[in-house]
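Let me give you the structure first, and then I'll get to my questions.
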Amino acid sequence: MSASGTVEGAAHREPHSPEATIGRKPDYLHAESTLRSWFLATDHKRIAILYLVSITGFFVIGALAAGVVRLALVVPNGAIMSNDTYNKAFTIHGVVMVWFFLIPSIPATFGNFLIPLMIGAKDLAFPKLNLTSWYVFMAGALFTLVSVVLGGVDTGWTFYAPLSTAFSNTWVLPALIGVTIVGFSSILTGLNFVVTIHTMRAPGMTWFKLPIFVWTHYATSLIFLLATPVITTALILLIAERAFHVGVFDPAFGGDPVLFQHLFWFYSHPAVYIMVLPGMGVISEIVPAFARKKLFGYRFVAYASIGLASVTFFVWGHHMFINGQSDLASLVFSSLSFAVAVPSAVKVYNWTATIHKGSLRLDTPMLYAMGYIGLFVLGGLTGLYLATLAINQHVHATYFVVAHFHYIMVGGTVLAFLGGLHFWWPKFTGRMYSEPWGRVSALLIFLGFNVTFFPQFILGYLGMPRRYATYPPEFQLLNVLSSAGATILAAGYIFPMLYLVYSLWFGRKAPANPWDAKGLEWETSSPPPTLNFVSPPEVPRIPYDYPIQATESKDQHR
Amino acid sequence: MTPDHAAIQFWPVAASVKAVETDELILAFTVLTLALTVPVFIAITWFALRYREGSEADRSPSGIRSNLIEISWMLIPFLLTLIFFAWGAQLFVQSRNAPPDAMVVEAVGRQWMWKFQHATGQSEINDLHLPIGQPIKMRIISQDVIHALYLPAVRMQVAALPDRYTEMWFKADKVGTFHLYCSEYCGTDHSVMGGKVTFMNPGDYQDWLVHAGAQQGKVAAGRVLYQAYGCAGCHEPGSPVGAPGFAGLYGSKVQLADGRTVTADDGWLRDKILNPNGDKLAGGGKQVMPSFAGRIPEDDLGRIIDFIKAYPGTGQSAEATR
Amino acid sequence: MRGPLASLTADDRARLRRRMRTPVLTFLALLSLLAVNVTLGATLPFAHVWALEIAVVGVMVALILLVSMEVRKEPPLIRLFSGLGFFWVCIMVGMTLTDYLAR
Amino acid sequence: MSESFVNEPLADGVGVARAHHFESVAQQREAATLGIWAWLITELLLFSALFLVALITRIQHPEATVAAARHLKFWIGATNTVVLICSSLTMSMAIEFSRMGWQRAMVRAMLATAALGALFLVLKGYEYYADWSEHMMPFLADRPFELAETPAARLFVNLYYVATVLHAVHLFTGIALLLGMTWMAAKAGFLSRHQNWIEVYGLYWHFIDLVWILAFPILYVVNRAT
């Protein structure tokens, strides 16, 4: 096939640079304004906006469910709601937040919008596929949402067999079908990114000139491709199990429920890095821009992204230490889990070193980035506690785990999402938001988050199991504290929704590069025109070409 | 019902050597965590203040050889944390290999209760009495979904799988009453699937086995079963279904719809649970109770009847059966 | 827009022969390998015959990938991608077996 | 085989029309090839997870698995493998014809491929019917299972249905796509605009074939031996 790759077809008659004929074209937001032009959009920027609006909606639903959970836990005896209501609420929270918010969050919005801009391309490689992936996502997500909200599902987002296959009387089947469908959307997005990053880079945009954001999205996309099909199979088997009693996960027929956990975590542990890596990409853009300094250790950070995406496939068994897997497997998975510390440390220390001797502006995106670094470090290191076998035997399935993964998912992904949203908001919308309100919200969220989740580390070590609708009274104080923190956190989430929407109509017009940041996305107008660049962008000499350069840049870019 | 816990606590009670060792491990790990993170936090804060835009800081290149520094901060934290892998793994391996003289206690999980059976045959529901100073090996299995037996006081939990036995062993060294939980989410009443574990001196344990254990345990166990099989949902006073209550039922005369009168004794109660449609009661109430034939094992049935026997008469406190 | 084979020029026939050689040879090789496996499966000539059967399947898979799917003519990136999936399958199976073979 | 390594150029009038967001046709072709390979990776992992479940089932219940595998229709499976290998040949021929610009021959080869695919599905359907009449459908609640005395045989037999139905769905989708594409490819000018569709589609077809080449021994052959 490569045989024919270099031969241009007879029908190829168009001129090579259509840009030359483009005059002042309206930006992508104003190019067309009909509903049809949005719902049939193939422009990656418009599809990103479609995703942004939909995942914000899912975030609100998931957050409301979290509010219900925290409300129930204010009292220990379950007086506020029945156990069933509580179980359904935490299932909605988990299913919606994991499958419909966290996994698509940064890649499908920022990745979709920015990857072509950052590499100097006109669009993703497969624009129609991109739109398809949004429709697939919405179809699956709405299907599941209807079943978890109207019917209710009480299995938790993990759907462990045989509870989900043979015992739960709730609407598990439609929920499973919806989640399976959403998986295809992930695969299509990942496929599009991989192909785009490989083939669509502007001339001169070599791999080591790519922003870290693109590197982390490349790594994320590999996980989408390599892990998602396995959860699809696991869910198909679960659906068949529930509908037809296949038996492979059902002990009543000699099946093995632990096998489902293996298949589930083969995807779901790497899925943690689907959520984390794009956030790391966002932070790697924000920190140099607001420190006015070249990213420290660029190559190490780039390699660490690929390293994380690979190592993550070897550690899934650390979710199953007490679940009946063999001791050998537990020892192997535990030891390999410690290897995750290496690339993670690379990232954190390099961000810190980037700030060193910079010239810092503590604007909203930078506040989120600094909060991210702190919370990610705590979340990551408590992950090592959990990977330690003897500690895991005590805190597995307690609030310690809940606190740990919220430090990664909320302290990490959500903070990076909000930081990125503020950083690129001028680029997305062409408007500036209110900086004072932005800073206040960032601080509120940081404070609210810690008040909510730090007590849960203590609760977990004291031995309070997770997914408990009722609990012993001595845990009430810490639970009330946690619920109070959740109120602060909620306020912190509401502010940006208000002032960002307000800025759409009343915000100051944004210049092309409001932060004086480097990267091709800032070389075009805000918002960008339909085909991204009016004239082909000039690829910079080095990435992160900020005024302050550490001497190491010579080592790194010989 | 309240185990020996303070109203507010900040560190869990450690009732075994493994628990103390786990605490030491996590404390040491926390020291390492602080050593690795506090410098980062201080550095970020210090840099943020020192190098703010417009400040008069020295921003000349530091000339640090970056490859060396990169490799050092990749490897040093990793090697330090590996110590904790080894430490944790060693404790884990110990906790997975029970000594040969361990006393075997069976644990069976089902939605939503635990049933324990002692080596000498006595059994308990949700609560567990064990001697200290003696290795105990729990042999764990489930009758339905996956559960997990969790004893925070000894820092151990192990899944109860439906298809095969799992094991957990420990040697308690502190007398007292502590929580016992199900820690693998198992459906509606997951959070009430638990009770308390009481560690006793060996002599007290023998006493308990001989006297209290078998007897006093029965009624309390019956109460748990009364909840678990859903009897309480209809028969507890004030329930919407309004099924007949049990206050003063045992030993009383019951009017039947066909005019007969029977005495509510053990045998009749048993028949009525297994075949509710027989012996229809006088009073014209609608018969809605499903048959429990084949659904309640014989030993559980006995405990439920014991509970109904002891059900307090109207006016008495329900506490009597707790 | 060519007519039936009969109206082909000698030149066309030569091209056709040259172009069809590889697909036909691959086809014959696949069929004979399948014949080996079917015979082994039907007769079960010795213990652990599955190992040989798996090896034959491995050759068939390699043949389809390298020749039918033309991986051998592709640039290194495509070669990498065609092998990547198989490598990840090995990770999945290998790590899962650390549990099942040690229980 | 040495001359087959020589990359033969496409015939005159055969090529690809550039879509607006690509800079060159070469880039567009590269993207399409890489894209289909990325998709095939996901297909491989999708089926491999099922094969892993089959392996674990075999490890946990060896006797029951062998009993179940011996009840599968070995000869229908083998015939179907031959059918798919034939369809791979016709697909390869269609690709070669497309490169030579022989449009009619290409369309005929594509139709032959679709016909062989359909023949596979027909044989598969007959196999299911035979399974049904031999009481080898344990997932049917109201139909007694032939191997009821070895309950774990149910696992492997049901897994066989999941795997073969999943494969049949891929084949069915493939045939539908192929017929749609054949309809378009029969029109004048197709080869000058979309020649690489044939190449990309060919990769998909070969891969579905490859999955069956794996599935046939994993389900039918290796488990026959104790």
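First chain written, first letter: the chains are A, B, C and D, and each begins at residue 1.
Here is the rule we use: contacts are C-beta pairs under 8 Å (C-beta built on N, C-alpha and C of every residue); 3 or more make two chains touch, one makes a residue touch a chain.
These numbers were taken from a predicted model, which means no experiment stands behind them.
Comparing per-chain C-alpha centres with the mean over every protein C-alpha atom, the closest match is chain A.
Set side by side, A-B and A-D show the greater C-beta contact count at A-B.
Each chain gets a centre from the mean of its Cα atoms; for chain A and chain D, those two points are 34 Å apart.
In terms of their C-alpha centroids, the spacing between chain B and chain D amounts to 51 Å.
Averaging C-alpha coordinates per chain places the centre of chain A 39 Å away from that of chain C.
In chain A, the residues touching two or more other chains are 1-3, 198, 226, 230, 254-256, 258, 266, 327. For chain D, residues that reach two or more other chains under the stated contact definition are 7-8, 33-34, 38, 41-42, 44-45, 49, 52, 56, 60, 99. Under the contact definition stated at the top, the residues of chain C that touch 2 or more other chains are 73-74, 77-78, 84-85, 88, 92, 96, 100-101.
The touching residues of chain A, when paired with chain B in their complex, are 78, 83-84, 87, 154-156, 158, 160, 162-163, 166-168, 251-252, 254-258, 291-292, 296-297, 300, 321-324, 327, 330-331, 334-335, 338-339, 341-342, 345-346, 348-350, 352-353, 355-362, 370, 373-374, 377-378, 381-382, 384-385, 387-394, 396-398, 458, 461-463, 465-474, 477, 548-552, 555-556.
Considering their complex, residues 1-12, 14, 16, 18, 121-123, 125-127, 187, 190-192, 194-196, 198-200, 225-230, 232-234, 236-237, 240, 244-248, 253-256, 259, 263, 266, 531 of chain A touch chain D. Those residues of chain D that touch chain A in the complex are listed here as 7-10, 12-18, 20-27, 29-31, 33-35, 38-39, 41-47, 49-50, 52-53, 56-57, 60-61, 64, 99, 138-139, 141, 151-152, 154-155, 158-159, 162, 166, 189, 192-193, 195-196, 199. Chain contact summary for the complex, chain C toward chain A: residues 70, 73-75, 77-78, 84-85, 88, 91-92, 95-96, 98-103. By the touch rule above, chain B contacts chain A in their complex via residues 2-3, 5-12, 18-19, 21-22, 25-26, 29, 33, 36-37, 40-41, 43-44, 47-48, 51-54, 57-67, 69-70, 73-75, 77-78, 81-82, 84-85, 87-93, 95-96, 111, 144-146, 148, 150, 152-153, 155-159, 161-164, 166, 179, 181-192.
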